[in-house]
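Two complexes, one shared chain (chain A), two partners (chain B, chain C).
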Partner chain A sequence: MSKTFKLDGREIPFETGQTIMDAALAAGVYIPHLCHNPEFAPHGSCRVCVVDIGGRQVSACTAAASEGLEVDNSSEAIQETRRAILQMLFVEGNHVCPACEKSGACQLQAVAYYTGMLAPHFTHFFPRRSVDASHPDVVIDFNRCILCELCVRASRDHDGKRVFAISGRGLESHLVIDSHSGLLGDSSFAATDKAAHVCPTGAILPKGRGYETPIGERLYDREPISIVGDVRAHEEEVV
Partner chain B sequence: MAEKPRVATASLCGCFGCHMSLLDIDERILQLVDLVTFDRTPLTDIKTLGDCDLGLIEGGVANAENVEVLREFRRRCKTLVAVGACAVNGGIPAMRNQFSLAECLRESYCDGVGVHNPGIPNDPEIPLLLNQVHPIHEVVAIDYFLPGCPPSADAIWTFLTEFLEGRPIAFPYTQIHFD
Partner chain C sequence: MNASATVTVEGFVAESLATHGRDPRHLLQHLIRVQQRFSYVPDAAVEALSVALDVTRTQVRAAIAFYAFLHDRPRGAFEIRFSDNITDRMLGSRRLIRLLIERLGLTGLPAWGRDLVRPDGRASVGLASCTGMCDQGPALLVNGQAVTNLDAQRVDRIADLVQEGIPLERWPGEFFRVENNIRRRGLLLGNPATDGAAVRRLLDAGAEAALAEVERSGLRGRGGAGFTTALKWRFCREAPGTDRYVVCNADEGEPGTFKDRVLLTDYTDLVIEGMTVCAGVIGARRGFLYLRGEYRYLLPHLESVLQRRRAEGLLGTRILGADGFDFDIEIHLGAGAYICGEESALIESLEGKRGVTRKRPPFPVTSGFDDQPTVVNNVETFLAAARVVQWGGYWLRGEGTDQSAGSKILSVSGDCARPGIYEYPFGTPVHQVLSDCGAENTQAVQISGAAGATLSPADFDRIIAFEDLPTAGSFMIFDHSRDLLDMVRNFAAFFAHESCGFCTPCRVGGALLRNLVEKVAAGQGSEYDLSEMRRIGTVMRRASYCGLGHTAPNHVVNTLDKFPLIYGRRLARASHTPSFDLDAALSQARALTGRDDIGAHIGDGSEVSA
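After this line comes the complex of A and B, so read on.
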């Protein structure tokens, strides 16, 4: 492994075919991300992994690493772009953290903390989306969905069930469920599915398990996500 | 000696929790009253707002009186701060935006459990509710945002002391939370 590129001035080794994100994660360098999960193919939808390469902003999860690249992952300009992207995600949904069971162990919230976002600033959409509580073990609040398609990918590529898909265009894009009624309870979804455990927000939650962890001991209460890591890495603790 | 900075506070569509969190600075309140003079706030008896250096607003904007008070604060305060989740993004009260105002009023005053004398209050003394609850930055320009439901006393103290010293405001990781 002799090839390297520079990430914030630090030499990062990589192998041909690796993305900037793959190589950075392997080297223990944090690049904020929401739709990226190394168990699944890169998606490139959330854009919070945006980095600067020679004045061009690209998503680290889809850009291939190449010899001699100089990548900016931490300048104030890059953090500002990420904050603006997060602010858009926050106003597009109803992210009422004080009333969300995922608060404190939510990747969307943790990345917002990491980038120093204090408020969403933009005009709120206040969408009126339904909550699907038809399944005996799992509830979906579509108001918190950020369309990362991790559940879509997990259900299709890991569970072999294709329970989820994204339907609609533009701002009308939304998560749909493959069942005759469109309800989760009528689908083949099970709480043991991979798709039940990959949501980076509070959109897909187990029923009857909320508020189990005392405040102060939740995943991101004491240290930022750059140190703690993804929710995924702590599955057995938080689920 | 220059006159002390004047500070005003208000609760719009808030629960007074952010004011309680301000009071959670405990004995540091004695330091604070040495540093500032309080103008109109729920903690004083002053009914009309004077010219102030700093205005702290908790709560979102849910009715016509909230709009009037907020605009008055913007006119009178050099620096205006959104304190708490409700002021920042509407908070829990904005969950009523999932329903129409008519549905909310009918449920509360006509069809709800235990309602006697059903009828939506219509005295002109009562400010009319807006169709939706709004964060305060959608009504007036805001200079600083202090998230949290409520922000911790330490976060409020960090903000106040840094602001009064004229320093750039930076919070330790553990002081910033949205919940």
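After this line comes the complex of A and C, so read on.
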């Protein structure tokens, strides 16, 4: 008989060492997330997966599962906190969903829909960020980066290349590329790298194929993220 | 600084590497040296360090961008940074900044992260969050050296010295004088003397007995969180690992606190002794004293105390002749990052990286520096621990309250006749501190720094203790002549600047909060904006990754509750005001079309609805 905890009243089995997120994913229960990807070490930075345990809020991706926990993953209070976090992510960057190549297959957008976010709400910061099109196969639009560090982790831990890093601090935090010029084209990055395929937004996009699937027929246009899960699991379908 | 022309960047880096080693964890220390020598970190140094230490150039650049005292572009040969804490402002710092800027022929005003640099490279003027001189402000740092007690005359003289290019060593010595201002001595401050008695006691009684005394004393960490010291030491002692480390957190970044500076100045031996005893208990061979960059002037003094203790056999191999008791301490400098006071961020910084908080668990006691068991304690905690081992647990227990044994050292500043250091038994009410330091007509007290609590007179009977008002030691006083919104603006900007940027609520929420506070201060706010502040504050408290984000909105939420008038009297409208001026936004269109009649304008809400 395995150990269990309760998530929204439902018994979730878990093994020692698993996080709440691990156990929930294994049981097929959706906890919204952006910086989390089961292939990489948990990060806990986006805070979208925040859940409530007895009045204390923790990120499900980093909190260890333990026997007898009662976890709230869907009350209005928790959804409200998540919504505010998503609204913060949206006003911090420059997200142009209607025109974005990733629209409909973007995890940021899909999670926002899932939490019931209908407008950006906060005053936009309108930061001045660039687009790096120096690489032959991949373009990086820093306007859409949400600092989830998935590309940082993928490049370091999977590709063994350390192409990406986060620089600056506070609101000045930004993604940087390890090359003499700071441009992707001058780095060792390749379209076949894992790091090219982990971005949950439209910040890292393949070149030369635009709008192959019309908006309206894409992954999250058809079914919500809580049913179909992360976009990375449907890579072939969306690119 | 003038000799720099004769030394190449590569040559300097090579020398630094030869002297201080090629451990990638020393990256930050090399960068600080380069910064001091050249007033910035040139690209050549980035390349050279990245090759020699085998770190990516991105990691080097990211560190430069993270730490406020490192720059990728030249600052002035005289790099001047005014302390910009609210207490410095209350003592007239803003006027003095303007005076110096004018005297140096600069234009504009510096902001956090934005320095004014004179085109000839002679001088730059910038701001630092709080330099820990609140009892003798306004203060500034020039090339890292603290100058206290600024007034117009002193600033005038500084401008002359800069204009004439007089090297810092020949500036008047009194500029750099830092007073201790100890006003009230208790258990810890009563007797600075030590002759290695705690280390001797440890060797006589054994580590387990020493730890038992720390347990008996009930000593809790003095950094603010109040974790039981003995428990921390025991966890570390019992954690599996190949090496163990002792880290003294001398980052003292909390605005308004400066007691660690005094302890490191006059009670140095006791602090080092506490670290040594801890090393003996947990079995550590190496320790680090992480000194905030603002206190760099203390380096020669600290190094000399370490050197003397080595000579006395109190540090190094076979301490006091005991086989297997080897322990030594290195000093690591910070470079201007408040977050590095958080223990896991401090460890990241010790390892030469950006000071971003680590995921917990694992906690540093099991996986700290180099992923080995590590004790991180505050300066005051080590001092108290040394005495506890020397004099026994009951000595500390004899004072304080049930849950808070012993005393607390406070840094008192702001509106009072006698700012300085006060040591009280735990359980002392706020009003006693106010009357002792000569505070009159007090409107509010900010306790435990910008991250702490704002107290109104209704709170002045409350007691300083973990069970009521826990504090890391900062105690800032505001009388009725002050507009508390100035404090709120100062702290809101501070947190937006000091967020490490790792998690969304702190990174974005802090900036949103700052913008809303400024909106209200500018007379453009409404009730809606106040409720937005509360909403953002709630999200930050609940969802942030570390203590910085959890506490960053405290000052806003506290003052909204206790001092609603500082906001209310500024509101432009009852319900809602937009965050931008629609009519002003159309000015460009008007200019382009050449139209400026009444129909080309949008009136304010009242006209529209009429």
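We adopt the following convention: the second predicted complex is superposed on the first by the 238 of 239 C-alpha atoms of A that agree within 3 Å, B and C clash if a C-alpha of one lies under 4 Å from a C-alpha of the other, contacts with A are read in each partner's own complex, and residues count from 1 in each chain.
In this text, a contact is a pair of C-beta atoms (placed from the backbone, for glycine too) under 8 Å apart; a residue touches a chain by one contact, two chains touch by 3 or more.
The model shown is predicted, which means the values in this text are computed figures rather than measured ones.
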Joint occupancy of chain A by chain B and chain C, clash or fit: clash
Touched partner set for A:88, first chain B, second chain C, both or neither: second
Broader residue contact with chain A after superposition on the shared chain, chain B or chain C: C
Chain B versus chain C as contact partner of A:206, first or second or both or neither: neither
Contacts of A:100 with chain B and chain C, given as first, second, both or neither: first
Partner chain in contact with A:123 - chain B first, chain C second, else both or neither: both
Partner chain(s) touched by A:109 [first = chain B, second = chain C, both, neither]: first
Which superposed partner A:224 touches (first chain B, second chain C, both, neither): first
Partner chain(s) touched by A:185 [first = chain B, second = chain C, both, neither]: neither
Single chain B stretch clashing with chain C - from 63-71, 81-89, 99-107 or 171-179: 63-71
Interface residues of chain A shared between complexes with chain B and chain C: 91, 123
Residues of chain C defined as touching chain A within the complex: 56-59, 61-62, 65-66, 113, 337, 339, 354, 359, 361, 496-505, 507-512, 515, 535-536, 539, 542-545, 579-580
Complex interface listing, chain A residues touching chain B: 90-91, 94-100, 103-104, 109, 112-113, 118-121, 123-124, 126, 128, 221-224
Residues of chain A defined as touching chain C within the complex: 42-48, 50, 57, 59, 62, 64, 81, 84-85, 88-89, 91-92, 122-123, 125, 146-147, 162, 164-173, 176-178, 180
In the complex with chain A, residue positions of chain B that touch it: 82, 85, 88-92, 94-95, 97-98, 132, 134-135, 137-138, 144-147, 149, 173-174, 176-179
